[in-house]
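See the structures that follow.
In the two complexes that follow, subunit A is the common piece, with subunit B as its partner first and subunit C second.
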Partner chain A sequence: MTSRRHILKIAAALGLLGSMPALAAIEEAAKQARSADDLPKLSGPLTVYLGRGEGGLYDDIVKAIEKRNPDLDLQVRRAPSAALANTLIAEAKAGVSRADLFWSIDASSLGAVASQGNSRPVPKDVSARIRPAFRYDQWAAISGRLRTVPFNPDRISRDQIPAHIMDFAHTDLKIGWAPAYGAFQSFVTAMRLLEGEDRTREWLTGVARQARSYAGELGVVMAVARGEVDLGFANHYYTLRLKQGKPDATVDIALTNNDAGSLVNSSGVLLLNDNPLAVDFLRYLLSREVQSYLAREAYEIPMVSGVAPPDGLPPGIHPPDVDLTRLADLQPTLDLMRETRVL
Partner chain B sequence: MASSRRTGVRVLLIVLSAVSFGQGAFAAAAADPKPLEIDDYEQEVSAMIATSDQIIADYGDGDQVATRVDALVDTWENVDFHEAVETHAMTLYPPIWIALGGLRETVDKPGAIDDSRKWQARLQAALHEGLGALKLVAAMPAQTEAAQTLAAEQDDRPTITIIQDNLDQVLVHYRDGDIAQARTLIHQTYMQRFEGVEGDLIEQDADLVTDLEKDFNATLPLLLEKKASADKVGAQIERMNTKLDRAQALMNQADSDRGSVF
Partner chain C sequence: MKRLPLSYVAALPVAAAVLAPIGILIWMSIGADPTLGGRTWEVAANTLALTTLSVIGAIMIAVPLAVITTCTDFAFSRVWVALLAAPLAIPSYLGAFALFAAFGGGGEIESLIGLPTPRVHGLFGATLVMVLYTYPFVFLATRAALQSLDANVVDAARTLGLPLSAALIRIVLPRAANGIAAGAVLVALYTLSDFATPEIMGFNTYTRMIYVEYNAFGLDRAALMSLQLLTLVVLVLLLEARIRIRRERPGRVLWLPLSGVVQAISQMAAGVVFLFAVGLPLFVFGLWLAREGVVGFEVEYAINSAYAATLAALGAVLVALPLAYAASAGWVGRLCERATYLGFGIPGIVIGTALVYLGLQLPLLYQTMALLIMAYILRYLPLAVGSVRASTERVDSSLIGAARGLGASPAEAFRRVSLPMIAPGIVAATALVFLEVMRELPATLLLRPTGFDTLATYLWRVYEAGYLGQGAVPALALILVSGLALLIMLSGETRRAVRS
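== the complex of A and B ==
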């Protein structure tokens, strides 16, 4: 913000106010995704801790960056994100820094490491390319997963669906959910953080009366398409994948407004030391090509401006303002879910 | 100290949560791990424990020992045991770091004898646990659950092949009368393996996914629940394996159709 004011002052001093659209265009261009063709070549040793992603697509990206940069001496350690976070904390506590960069599939693992003071701030010029709602000082959001309400348009119309997640507890709609699923538990955690324990308890109890449980959220979406339930709660990509393979599947997506029902959780990167190569590697992850690949192949929501989200998402995504790193605080959520016999 | 303990507890909770979410007690870190040299690791662990004993004894006598703990950390970083634990028993790796960190923090303070001994005991326990895990992996590579998880994590085979092998193992457990183990393996295979590929697969053949979901979550577990004959369970697994063969063919096609990143 300071630099923008500074630019404006200089522009005024130089009598360039008539050129403001051009200045705005320059500033806007600085926020757009860059092509990998415009990025510096990566050269030298770099150690990346890589939390496993869906279907190995993150691994494909790392390999593609490596192939594109033959002088990059890349060491990759692959393991579940939570386990890597744990290892990073323990290593740092012992005064050891082995990794330059941590790419995690979930923000909570990043938060666990960052909260120990084991990270470096994201450079401003990198952060500026990330969509404003997902800019954080300590980590860089890479791609997102959106909570949605898949519904069966043969059974209910869009306007029968509550606009707010808390109102689902007061309907007679038949609902599918997957309480044992990690993404669902993160969603309930967000609700607990946003609405408080009492309201979340009421919500769980109210929805449980009309809910049918499934093992996973793909199962929820399939059940909606089969008409077993009117609607469900699931991450967005299950519906998009189903529609891609089966365009006539009877399922559509609705969104709630500015509450836990429209939570966007994110994968992200933590910079663990001052190695400039780590920052440049991060720039590749935020490049137009990588962001497009994530949207195209993993159906994830790109976090940089200028890259289209996956096809099939309805307009009007209004996620709540919640600190994603706090979603790691699962235990009170599990306690609530057990207390209400949802789990 | 209290803060350090809280950190330690928190770290361990993360370890436990990783395990409880089905990621197994062991995880792979290297694509091509070195063979296990248990005798060497035993010597390295013994030497580290002897060193820590001497350091704490001298600390108790009032000596400044911080640099010696630093040297012990260097030793830990360089021994082969380090890489072996990191590779073959990852969840037992952080407790060693935690104990070293705790020890280092404690000896900076004068007179914290009791705490230093507690951290030393934790270090010894963590080293022994790591060594024990490596012995387990070395001694029974095909029989222990830990080793199976390790093998799965390190396995370069296609996920569908791993799923099929797990289902065959379900039948082995069932024939042996270990229904609980068979049931657990079905659930783990679904949550840890099938869920990772079903996203891709559903684009290729959504009905096949529905079918397999039903097999994993209803048909097969119900046969176990009803104590069906092993032949019936085997026939059901054979049907699932046939569907999984088709899934593999579809995924191969999807892989070849997938565009490149750049």
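== the complex of A and C ==
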């Protein structure tokens, strides 16, 4: 792996994500990112529903937590986040409760379960450690996923790429996208919330004229690297992971400015009952060790101040202000995408 | 009043159990908004086109392979049968992704040897993948049918002056039609319910709409669309029901020597099929593995997979036997048997969710191994029923009568007369269910005991996260475990033939 970052780099990186001056940020970091060493020991039975697993990276975290806490009897159930959300909703309807905590990779699954009213609010002292822009009553943000514009530098230069997501509908660039992919639909939902239905409909229609569809966003990034398209829309980590395996891949990341195109969606945790162990487990996920591991190995954006973001992200991340819980409202988005024949 | 056939006692409850998830789908779909935009017809046409082409392609590959591995002195035929059936254990999304990554401009083949290859995508790409990963359905079912064929008919035809090739086409194939059709139905239903392949190949089918709804928490709409898809399933079943052939007395197994040239060409053809279906994904994922390195694979996953698949395969065959007998006993039995096919045409994630709702009614069973195995049996019963039926239909009651008349007990008559005749069907049934369970994912994810990981769930974990290289190890393990299991099953296949 690449070398660890130094304080200056941390400060610079923090400057990208928050508006705090660098030095204050470091002081704040010392206060906010707790080490796992300072956390209460976990003991007793705990069942976690874990949406996806990032190829075993989340398992490494789970294993590390288990190793630290030999008395913890941890059961982990992995499945796609949406499938677990649907399962949790079914369990709630049948009055069956098996999980203490739901760790989902996307906010919309958390929102869908929370809307059933079976979750517990996040304790104040826990949410106080999370970046202010990502504090929610119902769930705790763990790590961020940034919307990006992967582009092929052999085909286009960075300055040919529009700075605003809405302008992509008026270019003649060849675009790759993955309309059936959950993260893409969340992004369109954010656009719908920020820009309104009419402008989103225009955008979908406009981009569809020059778009080529792919199955997932890894497929989009691969297509960009292969030069099938000029650029694409994808979560940031697919590019970083592709480059990890293939450092000479011809793909770079561009960002849009303060709009749905630079949405930071978040993985997060929903507490499903009053088991205090679940809250303590959540504290571990927000510890400095877990947060920096997520950034380093999974290329995810830490949600606790004072932890360096992943290597390889361009400067100038300006995410829009969106209530991520509202991203669960996908049906109107699907209707729009069908109407414009994108889906 | 006519007496109720004994087999109905077992067949009716099984049919009820199989229909229960579909009943739940109907309940789930209540209140769903049925308007799906203007694309329904286009999507239905795409789905039909893909299904038809996949069936034709699978038959064209599988039937010749079945003939040469069953009826000729094809060298290493047992090993070849195991290898040629192995693609059934590989999830089709892996194959789809491997083809997608290997071919086309900038693909792995071009970057390795500089040879430009055409892009594999669209209807063609989806058909290619479906054919490569479903032809073993037809292959195994046809083999079972060929093993029950009477070679004397072929000899008679040839004595009357028909050349061998014409005899194969005009005498052998029509008599294997039951087996071919049973396999073809499975290809069609698998294609109807598969999501990942058309999605990766950029081809819009019905399952894609269903998945999008499911992932957007629109369970009611996903259920409703699945019920609409059922009309296509019923259409396929009606078509197959039209292909019936007369029952024939069993006889000597057909046996043809191959000339050196035909032998060589056949070996090469089998090799090419295996190379595309199994070699290519292993090669592509191996490349990625070399770039990324192995993390976190445990042998336990392979053991879990084999354990669950064995239990499910045995259970499915046990349940399938009375159903297959019931199907020959009358129209009610026939309906019961047909009912088992319905669930196979519905996307796994939807039927899995229906089973979650069903399992939640039995909280003691929910998230236990027992429920998971029951789910596998319900879902893969048609694989077993089709193969078993093709062979039970050959059992002539007069033969059993003759054995009994010669003083055999009912048990002995079954063991020495019926069983040898249905054995090929049972082996094929066990193999089909075993292999299919090995690659099953959606229902496994939803219903397994918490913490129970299989090769397929591990593959999903690394694939979903974009760590494709790590898929090489479980994919290889899938092929090894399936190959070994198949060899064991095939050694149990009694060569009852008296070769002349």
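Here is the rule we go by: the second predicted complex is superposed on the first by the 287 of 343 C-alpha atoms of A that agree within 3 Å, B and C clash if a C-alpha of one lies under 4 Å from a C-alpha of the other, contacts with A are read in each partner's own complex, and residues count from 1 in each chain.
Note that contacts are C-beta pairs under 8 Å (C-beta built on N, C-alpha and C of every residue); 3 or more make two chains touch, one makes a residue touch a chain.
If you're wondering where the values come from, they're calculated on a predicted model, not measured in any experiment.
In the superposition on chain A, contact of A:Val96 is made with both subunit B and subunit C. Of the two partner chains placed by superposition, only subunit B is touched by A:Arg68; subunit C is not. Contact with neither subunit B nor subunit C is seen for A:Ala133 once the two complexes are overlaid on the shared chain. Contact with neither subunit B nor subunit C is seen for A:Ala308 once the two complexes are overlaid on the shared chain. In the superposition on chain A, A:Gly227 contacts subunit C only, with no contact to subunit B.
In the superposition on chain A, A:Ser213 makes contact with subunit C only, while subunit B stays out of contact range.
Of the two partner chains, subunit C is the only one that A:Leu343 touches; subunit B does not reach it. Of the two partner chains placed by the overlay, only subunit B lies in contact with A:Arg296; subunit C stays clear of it. The larger set of touched subunit A residues comes from C, when the choice is between subunit B and subunit C.
Once the two complexes are overlaid on the shared chain, A:Ala163 sits clear of subunit B and of subunit C alike. Counting contacts by the rule stated earlier, residues 54-55, 60, 77-80, 82-83, 85-87, 89-91, 93-94, 96, 112, 182, 215, 218-219, 222, 226, 237-238, 241-242, 244-246, 330 of subunit A appear in both its interface with subunit B and its interface with subunit C. On the subunit A side of its complex with subunit B, the touching residues are 36, 54-55, 60-61, 64-65, 68, 77-80, 82-83, 85-87, 89-91, 93-96, 112, 116, 182, 215-216, 218-219, 222, 226, 237-238, 241-242, 244-246, 249, 289-290, 293, 296-297, 330.
Those residues of subunit C whose C-beta lies close enough to touch subunit A in the complex are 36-37, 39, 100-101, 104-107, 196, 199-202, 208-209, 211-219, 288, 291-292, 295-296, 349, 352-353, 356-357, 360-361, 363, 366-367, 442, 445-446, 450-451, 457, 461-462, 464-467, 469-470.
Considering their complex, residues 47, 52-57, 59-60, 75-80, 82-83, 85-87, 89-91, 93-94, 96, 98, 108, 112, 180, 182, 185, 212-215, 218-219, 222, 225-228, 237-238, 241-242, 244-246, 328, 330-331, 333-335, 338-339, 341, 343 of subunit A touch subunit C. Contact residues on subunit B toward subunit A in their complex (touch as defined above): 4, 7, 10-11, 14-15, 17-18, 21, 23, 27-29, 70, 73, 77, 90-91, 93-95, 97-98, 100-101, 104, 190-191, 195-200, 202-206, 209-210, 213, 216-217, 258-262.
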